[in-house]
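Here the structure is laid out as structure tokens; the discussion comes afterwards.
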């Protein structure tokens, strides 16, 4: 995995979606969409509700299996893939409506993001000593860095269920970061946030992108945010690709204006 | 200032970072600081240069001070929360060559005003987040400097000795730090302190309280405040106790609880807020707990202090107190993180007597001291056993004090300052011909105990037309003891009676409103609410009653008051950065209201400009009601 | 109120991640262990040991097992009784085949067999969720129960068709069979329970525990984070059944001293243990103990309690009343605290820590 | 070696024969017996279906997995018989029993469902366990634990059997069984009508879809719950009578409640026709299994065969026969 990581330099195509179509029963969610995500960029996917944005993410990280088309990630092409495999290949994501592990503390949530990287033997786990403990501590250190990075020290031991929405989103981001992903999918990271929270979140997203050099694909409704954050934007509507390009290009695109930006959001 | 090394492996610094208390022994610190100093030196910091220290209490910032002082450079701590404009004045005035700052936020501030700081050569940051893509060759991370220093040592060992020489060159008489006063009056002044005097002062006080390397403190006060610099930094270096830095500003309380300091220093305000929160939280408790709390606090009031002061107490009292200790005091202190406090100090402004005795009655050895930045730090202090709420205690060791004929307190102290930085005439003003420092506070020695009693800022103490003494702060503190009253500003100098502005405490009153389902949309509305007025009126009356008991003060009872429609705020210049009231400023700003207080009307209109969080300005106007209160005949029954 | 946490600060992660980070808690646990290991065996009456402590311990073990599956991993199982049975019979066969090996070893070892069977019946859990899974486990319950009665080899062709516990010793002391003293059995059982509890809590505090809970709280998210659902669930089944198995073996050999599958390991047993877990508190170790204590002691309490209250009862009526009360109490508890006794305990503890403040 | 090899091969062949061929030969050999078995299975199936129906009704409307359905059957039957023994005329007894079931429904709604609204399913599921225990205790307390005779005649249910000569043998149809089948059908039809035509019925269907929808129809959830539980109660009563008439009324009956689970799995938790078809499949399947394959392993496989059928089935169609496909969204 890390090997392929090396082989893809900044600016090269990290993930390519090629003529993907997806449908549930009769309903077509995505029709023949193609676009790519380049290493190190922030890529936005926008579109009206029901445009198939979230479905797109689900396809990318293997939760849905497209009927047609294929997906190339780090040079490996596949049409189907188990989500857990996608994860182990370096795709992490957050969810539209926060999907944290409600029963656990912030710390544990983020720790669980490290699961893939942990492998101490069951035997040691039983005694919580030797390798197991060493591993726990090693990853705790990593996680603490993230906590520090996201400025959530104060809620380290709080059960996430008790947290306000904004913070939950932040924790979720933390959990995704804990996976050290090559590609980070953010599904409406700022939904239902107030201005201040949005600003914080955007700051974090940018910092993630610059600091860790993580490639980010995000869905967002707040046009302002999208245009500031992203390097390139792809616009979907009714499961079809409407436009693709830099924020300015997209803003200028007539179809987009008619279909989306025109509508008050 | 580097003698601290001799404590070897004892913990010098703890910092709750990444979830656990990272610990550095004195040895580590010494090594680190030396490397750091080397790094700074390589960067061009020289003897006599000034370096600004901006940020919250973080180890690396403390080390920055030490390192700088090693080189004989002068650290200038700056209030981290002050906006760029305020900051630039200090930086400019101090002509800083470098700035060691906490994070991106501070870096941004500095760069935003960099053009006005020609001297600025380098900005050092502790926490690199978000600074990745800053292209500015003046920017260095503190770590990189330390590492740089280390490698330099390795490259040629000569630098080691070279550094030693540098350190040796540092003369005790050199200026070791410049602390800028918060500026209760006008522009803040840079107080120059010398190493030897600092140490002298610190040594005295350390001896005075028998602080040693086994003590723990939590450093959470602004770096730039003399309180922190003295209590934690200087004393720490002298006594060699362990200083802990909180994880972040939100977690101070939690961290305090975890560390459980044995030495604690806080301005009255902190204790005030704490008490307020305690009362609020208790009001949410079940009826039984409330009852229990009330009774035992009552018991504590009657016996607690005496027990602490070692006065004889009836056995029954002791038993009750012991029980209370089991049920209330100990747990309470535990929750607040005060359990292990051996010595606690409060200073900065007079503390409300009730407030003071509350904490003492819990068995917390809280003491008062009196001093100021120029004195680094205190001139009078209360030794154990002679603790009084209403005085600031007798002379501190090696301090001389005399009173000017006007009743102003003058002193000479081991730690006294060298003068104001680049401001000789101000220095001259402050010093008397024979080298005493004018405090600007009015006070008097209590004949029997020899305790100094501070009444107020000399120029604030006034007289009513009646000729009765009018000490605003004294009364304000009484008022502020009520959780519901956050701030009070008294007027009456030269008038025929005293009046005051009240700031309600939003948390306390809001909580009260919830419980009595008083609905309100805004601070302003709540402040104007009739029921709130009634409540406050009661408080004021209460205060008057207690004033009446003290012949000296009886005159200063409050006839009329009003509740301000906005909170007094440092951003609007109404308070100093240390949250002290800027009386004069307020007086002129709210002139119409004051007028109203005296011309007997019951309503007054006022429009004021306010500054919002983000620095935008706006203005709010309001119609403010005025309430009246009964006053009481002086109770000559017992003398104060 | 009894907590004095001030000054308890952690300078390394190991301390910070300890199971009992608070000093006072550690003291409390120590006290409990002392009482359990020293005071009770010495002071406890036979009645206390035989009809209170021993059942309580056995059930605790079983409910820990089920709690790992249902509470921590969120998979409902109605087959616990059967898995216990597997343990019991495995132990029986083992000790009859290799009598020389110490019985205690076999009691624990038998857990591995039930773990195996557990995994087998856990296989569907990948595709099946919720009640569907519950039914799948019912299949296990009935099928295994059928095996116990229909496969004579399992009970060594005893005429009685039941397990017959022989004399087995540990350090020369009888620990099983008719001659074994209550104290001996109690001590063995207690040791097993203590150790296994410790192990379980270790597992739950580590990576594995987290992935269990992740699967429980949001299996989709868990999968998208690279947690292999099948592996995790099967592991949960294995661990859970292991505990059930040991509990079953212990039940037969240290408590019942022999008996027949249909009354020991029937569906009702499964339900009973499910109750313990729910009432005690899903996803809580201590909850398992609370639940076990509550359900296992309730009948005893009623049997001897009600008459004491002056309500004279014929045995039968008492039994009926017990049923009614248990039913009512279950509903009652679900209503007042769906998260079980453990939650109540937690709240109480929190209050004590925050004393005198309410929060 | 060859000998033993032969031997083994022989055994294998033997087993294969016994499992795969012999049973069918038997069926062919004695078709009348085969039909008889089918019929028995069919009737059992009908009764399973009835219980399953109770589950489905409640699950559809309140999302509660009502484990207590089985005990409700027993309880209803017991009450009926008990009342009769106390001297009430049969028809009156039936009415009173209905009354009791209604009270029960109300009580459950008040005491259990309302306080537990919005709790996770598992909790409600547990609650129904509580109900089960409670009813067992109560039933035994009032009517005593020992089995009772169902008052078949007094309810004008037929006795005896019709023997039909067919397929070279006699197949015996118990009249009561026929009655059972007929009544079951009638009831199902009635329910269907109730759901399709009446306002309440529509409301119930609405609830199944979304609670808001139901409210918009103008019926409070609480009412709906009462109605549903009451309906389930009626179903329980009928089931109880039928089953009681075939064997006798005892608490052993409640175990058949568990049998309804595999039925539900086949049919899907939310589908009435599913419940019926499932019931029949299970009923017939397990009778055939027991009769033709049981002997191979010493019989008694009835106890688990149903579950294994269901289990096997689950692996291929997790949502059941008539359940609709679940599309997971995130």
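The letters A, B, C and D name the chains in turn, as written, and every chain counts its residues from 1.
Going forward, contacts are C-beta pairs under 8 Å (C-beta built on N, C-alpha and C of every residue); 3 or more make two chains touch, one makes a residue touch a chain.
Keep in mind that this is a model prediction, so the values were computed, not measured.
Comparing mean CA positions across the assembly, the chain most remote from chain B is D. Summed over C-beta pairs in contact, the chain pair with the top total is C-D. Centre-to-centre spacing of chain A and chain C amounts to 41 Å, using the average Cα coordinate of each chain. Per-chain CA centroids place chain C at a distance of 32 Å from chain D. Between chain B and chain D, the centres computed from C-alpha atoms are 77 Å apart. The distance from the centre of chain A to the centre of chain B, with each centre set as the mean of the Cα atoms, comes to 46 Å.
For chain D, residues touching at least two other chains, in rising order: 330.
Of all residues in chain B, those that touch two or more other chains are 19.
Shared interface positions of chain C, defined as residues touching 2 or more other chains, are 12-13, 220-221.
Per the touch definition, chain B reaches chain A in the complex via residues 17-19, 129-130, 132-133, 247-248, 250-251, 254.
The residues of chain C lying in touch with chain B in their complex are 1, 3-13, 15-16, 354-359.
If you check the complex, the residues on chain A that touch chain C are 61, 63, 82-84, 86-88, 92-93, 95, 99-104, 108, 111-116, 118, 120, 122, 125-128, 132-133, 135-137, 140-141, 175, 179. Within the complex, the chain C residues that touch chain D are 70, 76, 124, 127-132, 134-136, 138-139, 142-143, 145-146, 149-150, 220-221, 267, 271, 274-275, 278, 282, 316-317, 319-331, 334-335, 338.
Note for the complex: chain D touches chain C at residues 65, 111-112, 115-116, 119-123, 125-127, 129-138, 140-141, 145, 255, 258, 261-262, 264-265, 269, 297-298, 300-301, 303-304, 307-308, 310-311, 314-315, 318, 328, 330.
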